[in-house]
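Given below, in the form of structure tokens, are the structures.
Two complexes, one shared chain (chain A), two partners (chain B, chain C).
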Partner chain A sequence: MNNINDLKSLELTVGDVFSKNARLKARNVNVFYGNNKAIDNVTIDIGSKEVISFIGPSGCGKSTFLRCFNRMNDTIDTCLVQGEITIDDENIYDKKIDVVPLRARIGMVFQKPNPFPKSIYDNVAYGPRIHGLSENKEHLDVIVEESLKRAGLWQEVSDRLESPGTGLSGGQQQRLCIARAIAVSPEVILMDEPCSALDPIATARIEDLIHELGNDYSIVIVTHSMQQAARVSKRTAYFHLGKLIEVGKTKEIFTRPQHHQTEAYISGKIG
Partner chain B sequence: MNNKIITPFEASNKVKRSIAKRRAKDNRLKLYGRTAICLAVCFLLILFYSIFSKGYSGFFQYYVTLDINFDRERIDPKGDLSDNSLFDGEASKIVNESLFSIIQPQGRKAKKQAKKIVSSGKDVRIARMVKNDPSLFGTTTKVKFALDDDIDSFLRGYIKRETPESERRISNKVIEYIDKLNKEGRISYEFSDYILSGSASGNPEMAGIKGAFIGSMLTLSVCLLIAFPLGVATAIYLEEVAKKNKITEFIEVNINNLAAVPSVVFGIMGLAIFISIFGMPRSIPLVGGMVLALMTLPTIIISSRAAIRAVPPSVKDAAYGIGASKLQVIFHHVIPLAMPGMLTGTIIGMAQALGETAPLLMIGMVAFIVDVPNSIVDPGTVLPVQIFMWADFAERMFIQKTSAAIIVLLGFLISMNALAVYLRKKLERRW
Partner chain C sequence: MTHYYGVYSLLASLLPALGIFFIFTICDDLIFAELIKKHIPKEVVASKDYNFTIVLAQINNSVEGLIFGTPPQWVTNAAEIWISWIHKSQIITVIICISTALISGFLGYKKISGNFRSRNAVEKIVMSILAVSSVIAILTTIAIIFSVVFESIRFFALIPYDEFLFGTVWNPQFEGAERAGSGQEGLSQYGAIPLFAGTFLISIIALCVSVPVGLFSAIYLSEYATSKERAFFKPLLEILAGIPTVVYGFFAALTVAPFLRSSGSLFGLDVASESALAAGLVMGIMIIPFISSLSDDVINAVPQSLRDAGYGLGSTKNETVIKIVLPAALPGVVASIILAVSRAVGETMIVVMAAGLAANLTANPLDAVTTVTSQIVTILVGDQEFESAKTLSAFALALTLIIITLGMNFYALHVVKKYREQYE
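Moving on, here comes the complex of A and B:
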């Protein structure tokens, strides 16, 4: 996909935006809220089974860009997305694409833990139920158990699956939300600042979890914390005022940033 | 000093000085609030006291106990207990004979007056008794009969003995007879079996609210069945499905306007459309329910929209994020979470509809209908209209009946509101 457009955006972005085994490809993506340009000509690849973190100061558009991948921006009336985002070379903004199966392939975990006001079991079983993933009750039980185990929550809740999901602690709720996302067997998981509402211990658990899940899924995580980005991700993308400034191996970004803005952010001068 | 920031010492002094003022303001506000609540409670208590203290006597009336000889030959001449046969029988005559044997009226005129002491429903009562229990035939049983409404009013003290005979509704003779019956202990003051099981009647001692109560139930059911689904569907469409544009804005404004339209206008509209154009019959609960549904729709839509808007967007996001379709988000998440609010709005709307008189007058539900409606297409009336009609009648006894009907209506309303509170408590989920 090395056309002229790619080269144009390369002028803007420092580092290697492309990936050898890319699963998601964003090409020249612009996002507008009304007349406001929130994302300016962003091009990036997200590899298969890769954990990539988006960092940047508040309002830089990293969450907006994340929400483009599963078309959650569709729910906002004034939002307009231009450009091309493909998953396995299929344009997700194509008119023929139905968002329902797309969102089953690309799961999402939100900033604030948002379990449904239902039982723990029903929270996890909801996705498989609406997509018809289980053949029978026993199969559904297995899916729920497996998802909760992968989210590292099974031991804590196995004896109270029927109690409400909203009764759990913040960290447990967030892991429940991750279990809910895993339950539909997505290929990619988008995480929008998943730890910003959690205490350090709960955060550590989620980070461990992201590490493990990175072996099976592509994970895109938006975070405010540079330490977190450094801990969980292999690649890091730095956004500033709607532009993708720099992409690179996490180690390199944090030790040898090439762009002066990245350096300023890393060293705490902006943001 | 003026253009400088004040020192911490000065600042703390100023805060201290202002605090007394602020406290006083707080306390004053608290006092206003408490006074308002106390006043409201006082008025409510006065209202309930006056209604119940005056109205409860409407549930009671005076009865006379007579020994009735159930002679089958005379009551049921054909011997088949059919309405025809019982109608041809002489039940009234038997009752009168029993009465005469006690009070001994002399002459035609006295007998004529004496007959009127017992309510004219006496033959119907005997017919009903033998139908329910044919084994009564051949026995002599004590039977209670309602007294005529004038006698009832006299016994309650509304018609005074001291009033000159010419200005009184009952004659000295009749008072004499009543005294005689009283002396024998045959007159009793008991819970009325007409008020709850009787229907509209020109004789106040036999009038009851059953017809109106059933009419109210039927009308409300029609109203609920039309207004609830329509209102909730409209609210969901406007909140979740429709794009915000000029048209939806226009609809929104008009729904809010409709909520403020006087109810009688809906009655006129019902008359013009349902009765004149569609040719539906007058006075039927179906049309009444439809008119009331139109009237309550705005209430239901507005409260349902508020309930839907209160559903946390995070829950909707979560559902969308996992790949739920719009319909699934609405039916699995929005409706269950908004249901308590929607139900509360609906019940408030229904309570409004229950107390509504004006639009129903327009479509003829004010007709004098003796039969209890059996279905939504039988002519009928409703409680508030019945109250309105009784309040208009001249007979003294209707005053108590009116109060009794008001108590029943209030009881109905309070239980509906209690249901609303219960449902909200039960369905409400916390998140």
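Moving on, here comes the complex of A and C:
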């Protein structure tokens, strides 16, 4: 947070890493897998109610960095995270922080739709149940209905809430996973290539949804598709070999990239 | 690819010769038995006690030098003829085998040319060897089942099946014993219910031990242990599966049973020295590795993405295991338990040594009970009269046991298969 550190990362990253109403702040984050440095000194702000996309070639560390925000990297034994990440100025890597409520505040949607082998209702109700968010059955029903409505799935499944979530189509499953994530009313939603396993029509639906959800949540989306990044996000961050190369308004990144590596990726020379 | 020509000619010369050798060694006794009929005197054949199987056994005994008393002259003569046939057939076999090998090898060799696709030919030969091997395994299973079925049919000709299946008293006696005491008809009773009740009592005790211990250790190994701990503990646990069951039997009879008896007397309980509890506890230890190893596999097969989803929603490890991983793995866990039950039901050595032979119909685990397998052992061990209902009852018991365990295995495999489809 001090100026020297900020300057150090500015040497690496081109563009505007800071945000006026930042919700998540990452400062000089390094991530190691054993002796491998996967993320090298990354500093970035993620604004409140902002949709930001992380792009970059495979293996550039964008997913790894995403998973730092809800400490999912904790589940990997060899993974070590250095630096500071704060949510509302609270360090999430502080020893006093409990990851359980943290992960309720920062939801996650994964690459492959991964509904639990339970009913649609139980999938959405899972989070509220373990966090004790509902006072009674009626309240839980309301939460489930509200979440499914916001995920744009209610109309399709309202008459079969008790049928298994795994029986839905791929796109419906992914919207179910989004509904499941928003059922615990998170502040931030992390999406790790949420459309890479879906067909174009299902992808378009999810993208519309991300657009709508962007009005209420901060959303970080990792994507391989530059078109998708251009469609859904206001800001874009370009990663290369574990370094954050450039951050800026999506329009500008795609039309006037400042860094030559960003330009090479955008124009299809690397990636 | 040239070496395939060599492989082909080797196979071409060896296989027919080996085949003929096996056919000759299997068939010569049958052929000799047919031929020897001519050398049995007519008056012997005409006599009313004549039984060809017994005569053949007499001749065979003489051939092998096992002479009891003084056999009739014609038996000795027949045996000499038999021996001369053996010598001849050995020579003939060798000659035919070698010449077959030479001829077929020569034919195979002649086939070899630039145009001959030896790779494909070898492929076909290898495939048929593999196919024959699997057919042998299947045929053996079928043969075992049929041998039990036919003896069981003979048993059910003597004892009605409803008495066997629904009778509550198991008290087999030899025909001789029944005949000796006149008016004691109906002394023998072949009600199999006490045996199956004993089997299931012991199996249930075994499951009470092995299901919690096996399942919990599987959860620990697959979810909590580091990869180093896992690499150390899993093989250790599987060593339990490698201990011969007779050793478990010692343990049950010499360590566990006396311990139960003495600690029971502390509380004023009368524990039989051979109790269902002792056998069941030890059997439970024996089947722990079945449950832990199979459950560990199915728990590992639950996709990591489901765990991630759970953690991503803020579940603790315990919540993830109980609410997500176990329900997802449940069908596989159930299948592993069913397989363990069928193993427990068929287990013999421990119950023979520790459970006793008294066919009590009881649900008290402190009593002595007997099981289907230990009865089969007691009935068939030692000299037995083969025609009696007592001996044949062993086959009927075995048949029922086979049906039960096959059914359970079949059901378990079905469950596992259904479970696999869910994630693939």
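Criterion: the second predicted complex is superposed on the first by the 269 of 271 C-alpha atoms of A that agree within 3 Å, B and C clash if a C-alpha of one lies under 4 Å from a C-alpha of the other, contacts with A are read in each partner's own complex, and residues count from 1 in each chain.
To be clear about the criterion, a contact is a pair of C-beta atoms (placed from the backbone, for glycine too) under 8 Å apart; a residue touches a chain by one contact, two chains touch by 3 or more.
Owing to the predicted nature of the structure, the values given are computational and were not obtained by experimental measurement.
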| request: Sticking to the clash and touch definitions up top, decide whether chain B and chain C on chain A clash or fit. | output: clash
| request: Please work out whether A:K25 is in contact with chain B alone, chain C alone, both, or neither, and reply first, second, both or neither. | output: neither
| Is A:K243 touching the first partner chain B, the second partner chain C, both, or neither of them? | neither
| said: For A:T166 in the superposed arrangement: first (chain B), second (chain C), both or neither? | reply: both
| Taking the superposition as given, does A:H131 touch the first partner, chain B, the second, chain C, both, or neither? | both
| request: Please indicate which partner A:R235 is in contact with in the superposed arrangement: first for chain B, second for chain C, both, or neither. | output: neither
| Of the partners chain B and chain C, which touch A:A181 in the superposed model: first, second, both, neither? | both
| query | With the two structures fitted on A, what stretch of chain B runs into chain C, 3-11, 39-47, 93-101 or 165-173? | reply | 39-47
| remark: Both partners, chain B and chain C, contact chain A at residues 70, 72, 75, 77, 99-104, 107-108, 110, 112, 114-117, 126-127, 130-131, 166, 177, 180-181, 184
| query | Which of the residues in chain A come into contact with chain C in the complex? | reply | 70, 72, 75, 77, 99-104, 107-108, 110, 112, 114-118, 126-127, 130-131, 166, 177, 180-181, 184
| request: Under the touch definition given earlier, write down the residues of chain B that touch chain A in their complex. | output: 243-244, 312, 314-325, 328, 332-333, 337, 429-431
| Touch list for chain A against partner chain B, complex | 70, 72, 75, 77, 99-104, 107-108, 110, 112, 114-117, 126-127, 130-131, 164, 166, 177, 180-181, 184
| remark: Within their complex, chain C touches chain A through residues 226-227, 303, 305-316, 319, 323-324, 327-328, 422
